[in-house]
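Dropping a structure here in structure tokens format, bear with me for questions.
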Amino acid sequence: GGDDSTDGGETPGVTDTKVTVGGHFPLTGPAAPGYSDIPVAIEAYFEYVNDNGGINGRELEFIARDDGYNPTNTVKVTKQLVLDDGVFAIVGGLGTPTHSKVVDYLNSSRVPDLFVSSGCLCWDEPEDHPYTFGWLPSYTVEGKTLGNYIAENFPDAKVGVFYQDDDFGADGMAGLDKYIEDQIVAREGYQSGTTDIGPQIAAIKQADADVVVLLTVPTYTALAHLAAAELNYAPQFVSSSVGADPVTVGGLLEEFSKGAAGTDMIEGMISDDYLPPVADTSDSWTQLFDKVRKKYAPDLPPSGTVRYGMALAYTFAQALQAAGEHPTRDGIVDALEGQELAGPPLAPYRYSEDSHAGITGVQMGSIKDGESVPMGDVLTTDDGDGPIEPYIEGHPEAPKDGIPPPQ
Amino acid sequence: MPRRVEGERASASASRDGSRGLRIRGITVRFDGLIALADVSLDVEPGEVVGVIGPNGAGKTTLFNVICGFVRPQAGEVEWRGRSMRRARPYELAGLGISRTLQGIGLFSGLTAAENVMVGADGSRRAGLGSAMLGLPRADREESRLRTLALEALGDLGVVEVADALPSALPYALQKRVALARALVARPQLLLLDEPAGGLGADDMSELGERIRGLAGEVTVLLVEHHMDLVMSVCDRVLVLDFGRSIASGRPADVQADPAVLEAYLGVESDPRPPEAGDAHG
Amino acid sequence: MTARATTPAPAGGARELAGRAASRGRRLLDQTLLRNLALAALAALGLYLLSYWLGRFDNLQLATIAYYFVAIAGLTVLTGLNGQISLGHGALMAIGAYATIKVGESAELPLAALLAIATIATALVGVVIGAGAARLRGPYLAGATLALAVGLPALANRFPDFLGGENGLSTAPPVPPSSLGVGFALERWQAWIACAAALITFVVLANLVRSRYGRAFRAVRDDEVAAALAGLNVARVQVLAFVVSAACAGLAGGLLVVVTSLAAPGAFTLELSIALLTAAVLGGLGSLAGAVWGAAIVVLLPTWAEDIGRELSLSTSVEANLPLLVYGVVLIGVMLAAPRGIQGALSWAGGLIGRRVRGHTEPRSRGASAPGEEIT
Amino acid sequence: MLTVEGLVATYGPVRALDRVSLEVPERSVTAVLGANGAGKTSLLRAISGLLRARSGRIAIAGRRIDALPTEEIVRLGVAHVPEGRGIIAELTVDENLRLGGLWRGRRADLAARLDEAYELFPLLAERRRMPASTLSGGERQMLSIGRALAGRPRLLLLDEPSLGLAPQVAAQIMRLLSGLRERSGLTVLLVEQNARAALSIADRAVVLALGRVVADEDARALAADDQLRHAYLGF
Amino acid sequence: MDRFIDLTLNGLAGGAIYAAVALSLVLIWRATRILNFAQGAMMMLTAFIALEAIDASGSYWIGLATALFCGLVLGAVIERLLVRRIEGGPHLNAVVVTIGLLVLIEAVAGMIWGGNPRSFPPAFDIRGYEIGGRTVPFSPNDLFIVGAVAAVMVASVLLFRRTSIGLRMRAAAFEPEVARLLGVRVGRMFTAGWALAALAGSLAGVLVAPAVFVAPNNFDGILIFGFTAAVIGGLDSPPGAVVGGLGLGLVLSYVGGYGGSELVTLGALAILLAVLMVRPTGLFSHARARRV
């Protein structure tokens, strides 16, 4: 028989020994590249926690279900997670077109919907969707910061924008426009799935842009570099963090860099970042994640994707810890709204009763020798017209045992 | 040099009843330079059985194709009961009372014999989608009426026992009968038979002959055949084509004696040459 | 199919004697409508009980199977009976889904009306596409419909304001009527709606394929020239078949909205279209029962394979790809083992057993049964 | 040349050939006669491997062929003009003819063989480059026969070769067959509805009824045997 | 004007890739009358193998040769193991089997190599030629692609038109039973057809790999455009495949350049439908055959 109770005596997905959560990810199909590693990283960190005593004595279990980036499947697997697997919460569900189709369902079923893996502004609607929390800095926050950087450092440059034709591109451009609307001379979009982006890059070159902003996923960052190389076009590339992971993009360009084109193509690309750089081995978080990766997911490269999954997993562990000895679905929401969490991200979260937006800021950086090197302060801002301000307090050190301490 | 031998009956009735039968006027058909029919004319009176004979590739099937609208002639005109067939599309023929059998078999391989015939009985109608979808008794009644018709038609041709067999499991002769049943079930006024006796044994062929003779008077029949016995015994008149031209036309006996026909088609008696050098068109 | 011709019922007025009641009962079942309705009623009862026995997620799966069935049944009529291949039915489902949401947004209409509108709208589009399709054959039709499957959902990106762009549209799920009680599971209600629609589709299609239209579809498939000479307007028959199957796809799209509350380009990929076609072939082309098997396989197989993968605790990339592997193997395996699809194999086996039981032989060889007989 | 012993072939439950045995000597024309559905076509198909025998054996010049695939049987010198012609409509007339002679290899020779076929059927020569789909029924039959001859077979299986041919051409073919037997030692198995014509050139005649051999006699004797003729051949 | 030239060259380079894929589809179609939906997956598989070979040997050409050889073997093996068994069944069964194969190969590749795309080296420099002081989007590598595609086209035209094996292959494809009666070893022809088509496909795979990277699903989109190109050209004609591919590449380049990227798929749909409505069997097909 079907169990209709969500608010009975016990909390779904929570037993004395275990907390089960799940998420939907494209594990197969055209959208899988780059994303399918995220749940592996999350599970790796959870295993690490479990081997070190769990959270309040409970082990963490993560069920990743494949939705192939198809919203119909997202609905199916999310309901499967909630109804069949009986998860406590959905964690890290990936994608705007996909996840937006289950937000209503999750909220009406009062299932915590934590740390959506997308920078859409739409997760921050505490009135309508009290159980949904974003995590990534929104695409607009990134756009604003990138725009601000260009306005300050290349005030006379002509700017071209190459963007993904969906909310990622649109929100990002909205942010850019707040600072460099006048400087932008070309805006060229692409549909994910198309392979020929030559015409767009040629158009940007024709507009004589000195700076090209990439609001792209890693594959298209690489393709943009290739198309530019073909045209012997070498503008200053500025990329959103989404498509700037040096390991991933560098890997895609590896054969070209060592062969025909001669130089490392992404060298010098400027981008923003919201987590400690993978290459910064002095950072305590980087050390922690690398330790976990080596032990629990040795097949994965030390990429930004893995870092992302671990940081997300850590944040969930933190929230669960904050929800107390006997976590409930409402309890974890209250904990997120009520307590100040601080963790791996460079800037603080914005969680409160009025806001479910996640990380508030980013730090600019540029790629040197295939690694991202930070530049300047961490900068925070909001999704609206708020100012961009430096955040100088810095993020906390990772706990010694790598497990969020009780608060 | 095309010649026309007009039978008396044909010329007498053409002026009177021409509008009721089939009139073919000056048909010319070319396929990329190849002349399949050259200025062919023919009048067929209601109830008449007219044979069309000629060597292979003479254009007999093409003539049928012109009548049916599968081939558009470069010149000429076909009239059926006073109506020009220039615009007629093949599927409209059934509605105009014209049926045709194909030179091969042309049965629907996935339909049983009875269903094949039911298609012939049913084709031209188009109303009733709604009742068909709802499965109304009206549709059922219609179906059983069609099936009765089809079984009758099969019964007429002596093949009712194969009603539920698929064509591929039937011997050639039975398939031909089913195909004929499908053409006849629509009660056509004009029946175009393209080599109906091909592949038939002697018994079957004489039975076919009787059947066609039985139709004469009610149904206008145009018959393409290479079996001269059959043609001679059932046809009122014969048109002979050679290389797309009509080289003779008239009563069977006259045509059979025509030297031009003997040379071009029948050949056998007048061909003294050794077999190796044989040539259909001498 | 019986060899005996059913005699038409006597015209009204004639009084039947009581003693004939039994034969009348039998005669009632000879009537297409009543027989199909009886079948549907039986199925409805079974599904009703099933929906109480199944859990919530499984009810959702049931609803999913039901809407897949609707789409596959339409496609099986088109491809199996009329010989037209379509790789674009996913796009037609998209039309039904978008229509359901757009109309639902702009007018307060009962769900049944919305679904009817979606069906009709898609059927109308089907007229246009079908008219083009009637000119094409085989691989060229496949190519054109494939382009449709890829191109049509791209329209959403062309009109992002109206159709929601890449993110598509969402709507609220249907609300179970209060008469069913407060605790009534949404998923069960969704299953009921989808199954009801599937049963209606079944009855209508079963009626249709048994009628002269079904015969015309098959005749045109087998020999276009002979069909034309028998008086069938080949193009019109082909368009009709396309419209019927488009209507089914539209209804399926509407039901997809009922079950998932969404319409987005990513939901109507080429994979969906291909899955529909493969399901139709897998189940047994031209057979409505086959459409049930096909729908069940397409919906349940990935879930099962995923669960098995989880049990086996494989490495992540192996586990993630296992359902695909299983699906591929099943597609190939069924085609090798049962060239006429599952239903074809079942009826072959059934025929074999039946022959054994009745102890006589029937002139039917393996896989050579008439396509027309496989229906229902 | 050809030996068939106890051949049984079925379509599902239908027995199309029921313990058929016959012997076709080299350099002879054997007519296979019988009513529609008697199993004539099935017999030819079984010999050329298109229909698998249930039991029995088929041998050509002492070599068993009943387990060989069709193409290998053909390569032993067996040509089969199938019922319904079996031309490849999408290929041109010339390509169809060439295919008939290809298995023999020997290019130069092939051209000569094609020329012979064209000489035999001048109508085809005019249509060399046209797709075979444009041909008329009789022209297709000519193509099918010409194609079989282009392979210079040792054993020729003809399934109703006169179907659709004008009387003159049909007669020409009959004469050609006896000519070929004389000149190049061809062995022919000829299925014909026109029993009279077939018997006129045949050395032997086999009559099938319901899949069984009911008569296997000298052709002239059969033509003279009124009883048999009436019972099975209808004339 | 510069823009037009750029778009034209860009379209030619992209079109050559579609043409390469279309050619391999046409080869299989001509040889076995099967639409090979698994072509993209087979290309992907051989590209992965080529990549391994390049990594191991350090030579692009060894990688290419390995890919070609593996393609040949893969095609033959698939035909012998799978396609052979469904021969003579309903037409769509072959379609379903190739779809099954597509899914299967992609799953296996995903299991072996994971989902993340890998970089593939180009044969020659990818920087465009300098013409009149301007760099145009057409590189030595593009030239290599165009040349390779042209060579495959010419080879397949010669094969089908001029050789007896080509004639046998076509006969086997159209009428297997009749072909057998004419002594054609149909099975071998099918195997050869699949092997050759897969060979051409693996060449296409190596040619496109640098532009799309190598991942289990990355050739799906290319296959769709290749299929579109083949249908536009007429599935029976190798020159049709090339013209269809180049034409499609050009139109898509213009549509993408002058219209917008969201129009590209719609553009492909539009040209395909436009061509098919005028010529229902593609540009290079023969006139309609006699039906009665």
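Each chain gets a letter, A, B, C, D and E, in the order it is written, and its residues are counted from 1.
The rule is simple: a contact is a pair of C-beta atoms (placed from the backbone, for glycine too) under 8 Å apart; a residue touches a chain by one contact, two chains touch by 3 or more.
Worth saying up front: this structure is predicted, and the values here are computed from it rather than measured.
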## Note on the structure
Every chain in contact with both chain A and chain E is listed here as C
### Query
Which chain's mean C-alpha position is the greatest distance from chain C's?
D
### Message
With contacts counted as defined, which of the two, A-C or D-E, has more C-beta pairs across the interface?
### Response
A-C
### Query
Roughly how far is chain B from chain C, going centre to centre by Cα mean, in whole Å?
42
#### Entry: chain A-chain B separation of Cα centroids, rounded to whole Å
76
### Message
Averaging over Cα atoms per chain, report the distance between chain B and chain E in Å.
### Response
48
### Message
Quick check: what residues of chain A touch more than one other chain, meaning two or more?
### Response
27-29, 32, 36, 165, 191, 299
## Note on the structure
Touching at least 2 other chains, the residues of chain B are 61, 68, 70, 102-103, 169
### Query
Listing for chain D: what residues touch at least two other chains?
11, 14, 134
### Message
For the complex, give me every residue of chain B touching chain C.
### Response
68, 70, 89-95, 99-100, 102, 106-112, 115-116, 118-120, 122-126, 128-129, 132-137, 139-148, 151, 163-166, 168-169, 182, 186
### Task
Can you check the complex and tell me which residues of chain E touch chain C?
29, 35, 37, 82, 85-86, 89-93, 95-97, 99-108, 110-111, 114-115, 216, 224, 227-228, 230-231, 235, 262-263, 265-266, 268-270, 272-273, 276-277, 280-282, 291-292
#### Entry: Residues of chain E that touch chain D when the two form their complex
164, 167-168, 170-171, 174-175, 177-186, 286, 289-290
### Summary
Residue set of chain E touching chain A in the complex reads 2-3, 6-7, 10, 13-14, 106-107, 110, 114-122, 124-128, 130, 135-137, 139, 141, 210-213, 215-218, 220-222, 249, 252-253, 256-257, 260-262, 264-265
### Message
So in the complex, the part of chain B that touches chain E is made up of which residues?
### Response
61, 64-65, 68, 70, 102-103
